[in-house]
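Naming follows writing order (A, B, C and D), and every chain is counted from residue 1.
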């Protein structure tokens, strides 16, 4: 087991990196390189690839593997790399975890298996099986809006006793749930609790979270890193200030529709404006239309005005 | 139209008051009296009766009317009284609004009609009809978890042009939605935007909300009022401090189950401990079992320790 | 208890009668009179008012009571009258049941209380309370698409032991559920099992149902009565034949949208064409637009061609 | 394009074959051989592998390919083989379709991509892309209970114009939807409309369906084939008779829980009793417990009594 290669609990800002695509099946290699540097220069504490924002489940398995391989090469151990291994088949999740281990990643991230409606006992069995066979530690991933099932607090408490499971990322946006799982896992010192919601980072850290997996950190990593650091040092005025810029930034997420895909579309379109990488979406989703680009520019400009120290 | 009797936009902490019950059909009159004083002495800026926390839809129409009448008598104009008029029938909503007007209330609060799956155009028609026939101004109420339909941002924008509709209370807990409706209504100076989530009060005020309809304010109104005032004066350290007490308080909401009813059950059980009123729930829901009462006491004690200045 | 006034199990075709409206709050009295005669002349075995198709929950309580009173006067005991008493408040359900008893109805029909997400134990408590206090026998009503909760098979089995609960109408359209509740209630001789789906009447009777609450029977009651009789006498060729006409008739349900309201809209528009009653929908739903009326006529003509013996 | 290798419209009983498993990753080869012969001897008109009942999405891609290869070898062209290619990634769907073409299959079956909530326009793009790149004709697969999105009738009408899309299997159980898509596709002579519900086969054929993808046909293929033939020759008494046996058989589906997985569990446990193949479920789902086996035997015996001519 390689789970000694990552300091625990994992802390800080770990962006769910978008996947730069040149075609439906090929990575935008130049963009990928630039995006990784953009994030690391922005001070992020880790990079999470192949999550929801990374459109992991929409990519072919060979593209997923190429991405795992390449990102680990580019990062060169400067920050931990977390790899999403959620799938419809738990065997494919295990295979991805094995591949991620060989490629030098630090941990894998696992949501409930998609498609069949499982019972909580089956979620326990699934996560336990993956944890047993994964060479890397496993972080749970709660995102009921997409998987249609949550890891219930009792389930999280049970899985918190499995040594190779090291934490949970909660993207439910449900603060009551967040408190419930925090209360149920607080006894384990090396357990990480992450929020998956951009606007909740400050509040979540104040409530005991170890960090955030924030989509907007793809665009302005420094903004989220600064907010995280202000939150851990209880610099509340600074948190409130930066929060306003994040609020502005999240206008990107609703330029076209109001779904998870529109969030990713907004982030990728901002990265196009910043010259970082391609805005192409994984098929069959489509890119933000040209006609919305001035809105993207307006939002980015407003954030710059508020937060001039942003370095790209 | 009586909509000049209320200063707009409405601001501050407006608790969704629980309904003290002596039997299935009778109010706990002594408890009701004490609860109203408890809230007003706690500094609240208004009282919202017959909302979700008030179990409005579970009460008979005669109990709803008795409550409207009595609360207005007890409040005697010291703060605005808002009255929930959501129903399955828009005609009953109008009838309740008329009754509330005669009883001296300040505004009514309307969620989409329950039961049939309506289209957005029908929500516009419904809210417009109620606004036309209500003697009191109307506040919209977005709570898709219970009504199974949201007032979509475009719908809110459209209804924001109806003079007798004066704001919206959002209990979706969805921060992206909250931002979207804020952006769509920001042009109207007398429009009120309220959050319905206890843990989001500080952040919502920082993001442009005018106040909060917070269930926990039934228990410790002063805690929420202080947080609201700290938020409007940008006293971020104080906000963060009080936030921790609220976090503790919300443990009440999950003592038995994890649903809306368990939130109400927790609040009522705390009011029993504080000697304010009966903990009886509207049938067929049941009261918190005796065996959980020490947990209620533990939570309340913890909040007291953190926030010794609470006055009941 | 008046539950000896109705032969049990109830059997046959019991149309969920639409509510003819002259204005938002007034009944179309002439249309109501004609509709009741239309149904009874069509041979129906009972009339179910204030169900989903009857828009019961959208009407004011005074309109509901006026309808209960008037329909019982018009029917004059020729067939049993069943009254929907579903509400958000179980106390209002009991009050409606009491009123229905005084008005001379035969039974009441109760779906789970709407709005709050209840647990199965609360559904048991609710139905038991209504059954205890209702002067009329109670039929359960399973319609999870609208109430968002089903009477689970275990719950039905438990409620089957309450003497004053006499059956269930299942509108889930889920044949596996239908079989499950049939298997759990088959031991009680006076228990009625009804299907709420027009296209399943023949098959449901063949599978042990006692009858159907079929919306289309508002339009052509004889068609459904004939199919029911063919089904109970195992005249399968006749069932298959009539089934085709019903299939054609159900095209009415999708002329405008695909929701429960579009079904009601289609039925009411057909009754307008047949000269029976007003097509007005309960607010805020709107009537079928004029432009669709030729489609209504085409569908009705096709059914006539196939089934020339229809008498209105 | 190989779409001339299959007579169109496809007709008859095409069981969604379960996948016999020896271990989590290996096929039960002897059971697979026996199951294929069991189905073909039972008179089925085709075999559909890797559908929902085949637990396709829970298997690893290498197991899916091994199954495609082996089933085509075993069938040797005696009946058409249809291959489920639904996935989270449309690129994997295309890759599976290419593999199925090389293995000698007749058609592929495609549900909407799982995980992200797509819009109807994206479903059109997805199905069109797969149809363009698939060497085999594509049948659509509507199963909103699992994919959380339906091919809406308008979308089906649009996709009915793509030459390499040849039909749709509807597992919604929604008869109104079924009629709507039938009406929208009736103009295309080589279009196939299949029902995915065991209990609706007779009625669906009477309403214009070309056949059924019935899970129970794994157990007693002859029962479904006989019913299909009785339905196409309008032998209604025979249909009604066989329907009763199918009704009995479907009691298998609810022995443990009430979900899609419990249906598959019931079918596999019956195949164990019949000595056909292993009852192992794809991980993390678990096999029917030993304690339920006598219930399985009772159900099978009852069906035998009613239908003694069943040959295995």
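Operating definition for what follows: contacts are C-beta pairs under 8 Å (C-beta built on N, C-alpha and C of every residue); 3 or more make two chains touch, one makes a residue touch a chain.
What you see is a predicted model, and the numbers here were worked out from it, not measured in a lab.
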Margin query: Please identify the chain with the largest separation between its CA centroid and the CA centroid of subunit A.
Written below: C
Note to self: Quick check: how many Å separate the C-alpha centres of subunit A and subunit B?
What the structure shows: 34
Checklist line | For subunit B paired with subunit D, centre-to-centre distance based on mean C-alpha positions, whole Å | finding: 50
Notebook entry, point to check: Got the subunit B residues that touch at least 2 other chains?
Noted result: none
Check: Which chains touch which?
Finding: A-B, A-D, B-C, C-D
Item checked: Contact footprint of subunit A on subunit D as seen in their complex -> 24-25, 55, 57-61, 63, 87-92, 95, 113-119, 122-123, 125-126, 129, 146-148, 257, 259-261, 282-286
Notebook entry, point to check: Of all residues in subunit A, which touch subunit B in the complex?
Noted result: 153, 173-177, 179-180, 183, 197, 199-200, 202-203, 206-207, 234, 236-237, 239-240, 243-244, 247, 250-251, 253-254, 258
